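What follows is a short report on a single structure.
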Amino acid sequence: MLKLDAVGRQFGSLWAIRDVSFTVEAGEIVGIIGPNGAGKSTLFNLIAGAVVPTTGAIRFLDRTIDYGKPYHVARCGLARTFQIPKPFKQLSVRENVMLSALRRHHTPRQANSVAMAIMEFIRIGELAEASVASLTVGQLKKLELARALATEPVLLLLDEVMAGLTPPEIKDMMTVIASLPRRGVTVVWVEHVMMAIMNVAERIVVIHQGQVIAQGKPADVSKDPAVVGAYLGEKYAYAAR
Amino acid sequence: MSTILQLLVSGIMLGGIYAVMSIGLTLIFGVLKIVNFAHGEFLMLAMYAAWAVVSATGMTTYTAMAVVTPLLFCFGLLVYLLIVRPGIEKPHLVVVFATMGLSIAMQNLALVAMTADLRDVAPLFGGTPIKFGPLYFRVELLLGFLISIAITLALMMFVKRTYIGKAIRATVQDRDAAMLMGINVPRLFLLTFAGGSALVGIAGCIMLPLYSTFPTVGLNFVLIAYVVVVLGGMGSMEGAFLGGICIGIVQSLSGYYVAPAYGQMFYFLIFLLVMIFRPNGLLGQRGAAMVGINE
Amino acid sequence: MIAGRLSAVSGVQAISLSIAPRRGAVSLVEIAVLASCIIAAAVVSNRYAVDIMIRTFLWAGLALAWNIAGGYAGLISFGHAAFFGIGAYTSTILLLNFGVPPWFGMFAGALIAACAGALLTRVCARLRGPLFILSTLAAGEVVRIAALNWRSLTGGPEGLEIPPVPNVVDMVFKSQWPYVAIIVAYMLAMFALSAWIEQTRYGYYLFATRDNEDGASAIGINPSHTRTAAMALSAATTAIGGTLFAQYFLYLDPTHVISPDISFQFALICAVGGLGTASGPVFGALIIVPLSELLRGLLSQSTSGLHLVIYGIIVIVVILYFPSGVSGAIGRTVSRFFPAGGFAARVQTEKYDAQA
């Protein structure tokens, strides 16, 4: 479904991402982890079409992504969330979600019913008429996910959806994400909350200094000495033994 | 040859005047990230105040500066407290529209109080230009230019050396970080707005001998000030000086070689070209063009 | 929610109705206000009063046109006088030089203004906030200076005069009533267009682009196209208002028609009435235009300009203390008396605020 082929991106003289290749099959939940500054965000923006790669190619549904035109990428069925939520501030929660559904469902009324269903699924149905300004961080993150899902994507890119959430909210969110493949949504997920991503993702890609240093099942990756050394730290190294 | 030299030198001097007029605007924009749409009316007020002082006491406009500058400082303080502060945390449109309302009110208050008559002061030395080699200058233009250089240099020193100056530079770069570093940002806003207004007071005193004042005098000059400020990069004082000189030269040359009427057209076109190709201005901070994107 | 649903003429879309003015619905208050405007227009027969009425409705229509860019798409333009002037001059030049009736000439003006608006938005594509505003101001001035100096086409500072010979084909009438009809029709069309925009996907695309461009991009909206389309539509409808202005006053000159003051007036009417709603510009015009005309009438003997001082002060007070404008204030007041009526959204928001 998604294929990165030797993708690289240079900022000035610095390679934020260098020679990254991996593929994502339909129905997978792929986690991308790496220490701060590893290049996760750049990788994320590359896949979302917001950043143009210096080298290599990204293919989505067997077509090269239209770099630099995120709206075009979105129309092909690839949705993303933002690490810092980017809601439409003057609109209600319902309108925010409805807007995402408008591209496929041409009238606000049809889009509304899609939006309501998705808000129920994410469990923010009762917030429908609230203004965005009144939401908590956790609710904003859920709204961000709802907005991405309302575009009815085949591939969903999640950018640190757990950051700032309370433990019960994290649990909720994990259930939601785990159920996405059953709804026909493939997930690529960048995350810092290890507990969440290690439990939900089926495959983990580890990025370090702009390069892939390991990939595989969460259990295997967390035992990989390169990963432990680069990133996971003593606690997980101990747990892995 | 001496014509073009004369035009260039007059243009540069005119540019100095434009720089003084714009420097307060750029300072306020850099720190508060707002455009004062009543800036032209502040200038109008300063020119009227200078005229009033000159006609009441018979002193020159340059000595009147000692009265007009503090007056404009206080006026800026008042406007900040009454109009800018209540709107500054709201979307940037609030301050835009509020200062625009202020501009309309001030313009027409001047019309009511002073009528539409032109007010001016007698030229220094009976208006005889001074001769410098092959070049002639109006004394007022030369004085204005010298004062503008002095002010720009003084401000640059102030911003580099003093605590408030450093706080200003920090706030221009990143307001939130400056606040975290313990800078009293609200007070800095107040001082900057009042200080920027005081600079308009100086500009008014320099400009009164060169142009007469009338209620809508501000509109003509504020458009130039916007061009100057954007050209130099909003928030940059060196930029404002450079931008002023550019516009002065353009006006001087196009006024002679094309037609005075098209002079304005030229600098608005330059403005639009700068906006297309260098939206941050010649010396502006990066990202200035995007200010207000998510407000 | 009382909000009823009527099937619209198009059959594609349903119109939402509410009692209090709010975005996304045509409210009973608005209908009442518009209806009383029309009734007032039909009843009043004092020439001065009808003149004020015509100006008010014309400004309401023009402010609605400005609001498409400024309110819905967040493209605050202080250069709209240029589009206004393009509309006025195009139809007048076509009429005077080629005998083209303004009925057609206004669409030529609208087309040129739409292209100019689209071009301006493309040119200023990277600018936001104050720089965008200042650029539109500069663009407006370029058009004004061009009109002032291109004497062969525009008559320069002396302006153009349409011969006051009544003729339906030339849209020149002796009586005021045909003007009332045309200008009310213009205002109602602009209101209907705005109400339609608020309830369709295109309108929501504008809101999304205004509120968060990256967020809009991420859900498949092309922000640049959306902005360009909004500005072009706004410019075209402003130009049509310009033609009507020319036909009513029968005289045009660059200093009065393309002046920045005209642009400021568009923006301030919307700001006072309430940005980004269909009712805002109408309420704004209904308050500001008659008020400044009446104040001018009352105060002109004593001192000229005093009415504008009061006008400026009103603007400041409304902007600072009623940020959602008169329309928002009316909406809040009416929904206090009819809590179930269409303002459910706001009431519920407060409930959540209280919980948090």
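By letter and in written order, the chains are A, B and C; residue numbering begins at 1 in each of them.
Simple rule for what comes next: contacts are C-beta pairs under 8 Å (C-beta built on N, C-alpha and C of every residue); 3 or more make two chains touch, one makes a residue touch a chain.
What you see is a predicted model, and the numbers here were worked out from it, not measured in a lab.
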Line, ring, star, complete or other: which describes how these chains touch one another? line
For which chain is the distance between its Cα centroid and the global protein Cα centroid smallest? C
Report, in whole Å, the distance between the mean C-alpha point of chain B and the mean C-alpha point of chain C. 32
Rounded to the nearest Å, the gap separating the Cα centres of chain A and chain B is 49
When the centre of a chain is set as the mean of its C-alpha atoms, what distance in Å lies between chain A and chain C? 42
For chain C, give me the residues that contact two or more of the other chains. 212
List of chain B residues in touch with chain C within their complex: 29, 33-35, 83, 86-87, 90, 92-94, 96-98, 100-109, 111-112, 215, 219, 223, 226-227, 230, 234, 259, 261-262, 264-265, 268-269, 271-272, 275-276, 279, 288-295
Contact set on chain C toward chain A in their complex: 12-14, 199-201, 204-205, 207-208, 210-212, 214-223, 276, 344-345, 348-349, 352-353, 356
Applying the document's contact rule, which stretches of chain A touch chain C when the two form their complex? 48, 50, 69-72, 74-75, 79-80, 82, 86-92, 95, 98-100, 102-103, 106-109, 111, 127, 129-131, 134, 136, 147-148, 150-151
What residues on chain C touch chain B, complex-wise? 76, 123-124, 126-131, 133-135, 137-139, 141-142, 145-146, 148-149, 212-213, 260, 264, 267-268, 271, 275, 303-309, 311-316, 319-320, 323
